[in-house]
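Taking it in order: structure first as structure tokens, then the write-up.
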Amino acid sequence: MNGAILTLENLTVRFGGLAAVDGVSFHVEPQTVHGLIGPNGAGKTTAFNLISGLGHQSDGHIRFDGETIDKWPSWQRAQRGLARTFQNIRMFGEMTVLENVLAGMHAHVGGGIGATLLRLKSFGAAEAAAIAKAREILAFVGLANISTRAGNLPYGDQRRLEIARALASDPKLMLLDEPAAGMNPSETSGLIDLLLRLKARGVTLLLVEHDMHFIMHLCDRITVLNFGRKIAEGTPIEVRSDAKVIEAYLGTKVAERLEAGARVR
Amino acid sequence: MLAQQLVNGIISGATYALFALGFTLMFGVLNVINLTYGVYFSTGALIALYATRNFAFPILLALPLAAVATGLIAVVIDGLLLTPLRRKKAPELASLMVTLGATLLLYSLMTAFIGTDIQRFPPAAIDSSAIEIGGVRVSRSQILIVGTAFAMVALLLALMRGTRLGLAIRALAENPDAARLMGVDVTLVTFFVSFVSGTLGAAAGILIGLNYNAIQPYMGEVMMLKGFAVIIIGGLGDIRGALIAGLILGLLEGLTAGYVASSLKDAVGFLLLVLTLWFRPVGLFGRAAVKRA
Amino acid sequence: MLKKLTALAALPLAASLWSAAALAQSKEPVTIGAIEILTGPNNKYGIAIKNGFDLALESVNKNGGVLGGRPLAITYEDSAGNKDQAINAARQLIGRSKVPLILGPTLSNEMFAAGPVANERKIPIVGTSTTANGITAIGPYVFRTSLPEADVVPVTLKTAQQKLGIKKVAVMYGNDDAFTKSAYDVMKAALEKLGIETLTTETFGGKDTDFSAQLTKIKGLNPDAIVVSALVEAGSGILLGKKALGFPEKVRVIGGNGLNAPKVMEIAGDAANGTLVGSPWFIGKADPASQKFVEAYKAKYNMDPDQFAAQAYDTLFIVAAAINAAGAAEPEKIKDALGKVKYTGVMGPFSFTENRDPAETSGVVVIEMRDGGFKQFN
Amino acid sequence: MTEAHSLPLLDVRGLVLGYGRIDAVKGVDLSVEAGRVVTLIGANGAGKTTTLRGLSGLLRPRAGSIRLAGTDISALSANRIARLGIVQVPEGRQVFANMTIDENLRMGAYLLSDRAEESRRREHVLTRFPRLAERRTQSAGLLSGGEQQMLAMGRAMMADPKLLLLDEPSMGLAPRFVEEIFRIIAEFKAEQRTILLVEQNARAALEIADQAYVLESGRITLSGPAADVANDQSVVAAYLGGA
Amino acid sequence: MPAFLDDFLFSYQSLIYALGINGLLALSMYVVLAIGQLSLGQAAFMGLGAYTSALLTLKLGTPFALVLLASMAVPALAALIIGVPTLRLSGVYLALATIGLGEVLRIAFVNSELTGGALGLSGIPEKAGYAIIFGALLLALIAFVLVSRSRLGRAMEAMREDEVAAGMLGVHLPRYRISALVVSAMLAGLAGALNAHVSSFISPNDYGFDAAVTILSYALLGGIGSPFGPVVGAIILTLLPEVLRPLHDFRLVFNGLIIVIAVLFMPHGLVPWRIGRTGARP
């Protein structure tokens, strides 16, 4: 627990009377791939939003990289080293591929308004370095056409670009919300490869995904949510054989019992 | 004197409320700040004016006629400007900008052809005689305005709560997709709401024009500034809020002019507006009530 | 091709026109400039003024023009009521058309913007409808023939004081308009000078329609009259509001030049009855020159002239006289000559003061609105 | 039932649906016989909800045909389709939170002009869902998730649909509500209603349904009698990424 | 200077000045639109700048350089006051609040003795000229180009495209929003001061709603892909009525039409070219 990069303590958020995330606690160890799974409506994306600062919890705490970040706005969390991608890609469609990645480096590229306007040497150097790094990241994720308008990229490449953009902020922790959604099998295997290389690079990953093959393949640990609560946690093998998880995914045998009840009536 | 000032305040407050009703309805249901609304105010008054003056229509016929005609214009404007944006799911500022441009276009077109000269209803159109009770004077047209404002609020609330169409409107306001699944023809209901708003705007223009007997194209623009204040203070989309905020504004303005300084009269509304934005941006009465009604 | 044809067709004509052309060479027209509101919402003022100029121009040219037979001509520029366009117009008249004198612009606001341009280039500029304070203070090349409010209003108030015995009044003015504000300043000074007590001073906006709060307060103070500085729109609204609140008949409205318009009676109807305004001229003036002007104007334009047309009409004769006296179409000479012009026109005797304002106020008439028309009050 | 039995009530051929540049449903064929409960199961993101949105007209098909009792309805708008008797209970309930329960039910009968029939149906629904009856004048937004789901189903019943589309009725609900929802579906089935059920709770869905389709990445990969599908190992694989 | 050139410059001086001043105003609108916000306070900020500068020149005889600084500082302060509460709300509120600001300022100018009430201020000496107006425009353009091609420019465009995503990349959204509004106010204030010092006379009614909408039409006609778009838009809309006299009457109709067409059919404006966002050769 001490070495955890991210710790959720009793995280709870209510909308109206309903608790979308209900007392969830878990932590993510550095340099691991951690999966967050659960059926639809289990509260995964809500939990992601709370962690990334796009909403605020009603109760509980979030600790990230040694700081309690409960009230931090999203940009502050990002500056501290938290990056994320979105379920439905949020690309800067008008900007080029390279510019998208450079935008991702926002928090780390130097250059205040003074240096920018005076075009100080430091500014040029910072920009050149940023571009070099962006090229490196793009090569890493396998995108070559750096001056293409991002909106014109094919879907799979947009996913890659979004990851590249998140990676550009040099994150300690990256949240990936359904990175494989809408990908075909070959794109998916390319993505797995990419994420494994990311992990090797030292980035901690927390991901929400529905493709179980993908999850089981990639994750070191998995947390399972249902009805906003944590119902299981462990290694992929542990989770896969957990009765509560199977029940959550495949459902209870309610129908049987019901039919029995109906006959009685 | 105080009694007369209070009555004055209520009358001008009722004119603000009457004006703001259609404006706030449009926002509450269609989720757009439609700046062309002020144009409906002027258009309604001008159509009624031409009908009574050039075609000798009695005012009781000219009023509904002009209101309906303006309602149809509102539908056309919605169809031309806002429907395409809705289809594209454009950001809310796009609709604000497009109606802003349209407003400038329509006002300047009107003045280019009509001029900004004040025009008046023929004297026979209205009975301007006043009633005096205990030293307080009210004219018939003023009673008509206050009555209409309250009646319209009651009517709108009854429509929203009691009728199937009203339910459909509220359903549309809240969740257009779910409304469609219930069989609501969203396009038709959208046009209906535009129509009702246009009609309300026009009715306000005609009655207020009758009362002050001064009609010109830019009358809607002046009213719009008060309209912003009323709908923000009352809460965007709140029908009852519009009535109450209108009355509050009218009374405060009247009392300011009567007992403080008339030069500060116009500042009151904006002061209230700024305070609302600072401290209670959802308006005095909480969130959009068209949806709740 | 087309050009050639035209040239051929023109040949026979050319010969016969030879002598006329030679004459025109020596009789080159003297072109002066005018900046008026010819388009846009306030063009009724500009058009009345242009009509007045044109009518006078006809008469000047019929009687031999200026400078020994040279025709006088006017180049009009439209200001559309916009001060930036007024500046543009002044610059183009001076820099491009090279006029020796400019008439106009229509509004005081426009003069405050365009006047300095002309003054800087030492071109005389003559306002015919600018009544605000401080117009001629712009500089030594700025003149006006319109009586400033400062001359008209005291006459009106004094007449009311003498004939009606007014002792205490309430004042209302539009505080967002240069014209009504400056007229108010004049009213305030005149009331003090005449020893009339001001019970309260209320303001309103030019686009307001509801004056009930101010009028209710005024009614409670029981004034002998209400002194109003407003334009037509607000002014007629005040009259209607006053009637609606049931003011006693004897409480009259005394207005500035802004209320001096038949439109007020048209809008306010019988609520306008009894309203007093001072005017440099009015259509019912029983003066033969004036009557002749009214007839000529009606014949040419098929409508009644107003004070703006009358002022413009006189102004053109004054300018023509100055050009003749100057002996050349040169700005400096015309400017000097203008200061010395003595002329009697439809508005009465006219000359400029040292400060280039009209010297005579004897032409001012106080008129009363009654049943849709103006009647002389004094 | 007067429909010709040779003709399925709903017949979908080659349906393609998508958002933006992506096709989410890539040529689906399925049919629903009158009086049957048919379930469409599959992992999240497989295209189940998208399919239902296509059927109810919220999403315009890019290709393919949707026939209701033989008539192609694929070009019709949602409100026209509702008029024909296809009623969808959308994913996530989508009750009108600011309206009362009564008003929500009245919205369900929006297309019905017979007021007497409307109140008869309302009484019927309220008898079936006594929880709702207790709170008929309260805002729907104040209900719990399970109660909202009941309201959504009750609202759909107000239209007396020919074909009921249920989209993930058990999603995000506590177990006791899941049971209750399936009890209600069982009752509907007993009343011979025609239902197309999209569920993630595959086991419960397969037990209640007559016929089942398995959707994977926008394509039907398996179909047949529900009992057969339930016994197919690949179904478990589809969910938990086995193998 | 040859006489004909002198006459030409004299005749068209105010038109040429207007090109530069309107260009500055267009840029002041651009900086707000560039981050996806809408302000209708440009005319009000312009008025504040104009009054501040005119009062300092007329009443205190302040050196012109200081006057110009003050004419930017005062509107900037107003932008802070109006911006801080509204920028937490949706974009619509900023637009409405800035319309309100215009009206409040008009009332204030009209009621204050200091500002000459409705009579405005006249006799403002002509202290600005070609050099300073076009110098300011050029400097502003260069500054915008430099900012565009930097991390600041990238953050601004990112905000316009997707605020949430921009925030997730560490872009301090409130700081950018308020800075954009403040810079916008400063530019508009400067334009107001320059205008006051070439037209000798200012009055409260010069800075109304129509003016604000006209400024918006400059930016939308030119397009906001680069800072050049709005300036081109301003030049066209300033010259067009002069070239096409018949348009004069319908100038406002035309401006309104342009906004409608730009929003509905021409989202990139007349200058669709988009400025690059890198500060070094990629």
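For clarity, chains are labelled A, B, C, D and E in written order, and residue numbers in each chain start from 1.
The rule is simple: a contact is a pair of C-beta atoms (placed from the backbone, for glycine too) under 8 Å apart; a residue touches a chain by one contact, two chains touch by 3 or more.
Everything numeric in this text was worked out from a predicted model, so none of it was measured.
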Which chains lie in contact with each of chain B and chain E? C
Sort out for me whether A-D or C-E is joined by the greater number of C-beta contact pairs. A-D
Measuring centre to centre with CA averages, how many angstrom lie between chain A and chain B? 48
Roughly how far is chain B from chain D, going centre to centre by Cα mean, in whole Å? 42
If you average the CA atoms of chain A and of chain C, how many Å lie between those two points? 75
Return the distance between the CA-based centres of chain B and chain C, expressed in whole Å. 39
Residues of chain E that touch at least two other chains are 110-111, 249
Multi-chain contacts in chain A: which residues touch at least two other chains? none
Residues of chain D that touch at least two other chains are 97
Chains touch in the following pairs A-D, A-E, B-C, B-D, B-E, C-E
Would you mind writing out the residues of chain A in touch with chain E in their complex? 52-54, 73-75, 78-79, 83-84, 86, 90-96, 98-99, 102-107, 109, 111, 113, 116-117, 119, 123-124, 126-128, 130-131, 146-147, 165, 169
Which residues of chain E touch chain B once you look at their complex with the stated criterion? 36-38, 40, 85-86, 89-93, 95-97, 99-100, 103-104, 107, 110-111, 209-210, 213, 216-217, 220, 249-253, 255-260, 262-264
Footprint of chain B on chain C - complex, ascending: 40-44, 175, 202-205, 207-210, 212-214, 216-217, 219-220, 232-233, 236-237, 240, 243-246, 263, 266-267, 269
Touching chain C in the complex, chain B uses residues 1, 4-5, 8-9, 11-12, 15, 111, 115-118, 120, 123, 128, 130, 132, 137, 139, 208, 212-214, 216, 218-219, 222, 253-259, 261-263, 265-266
Write out the stretch or stretches of chain D touching chain B in their complex. 56-58, 77-79, 82-83, 87-88, 90, 94-99, 103, 106-108, 110-111, 139, 155, 159
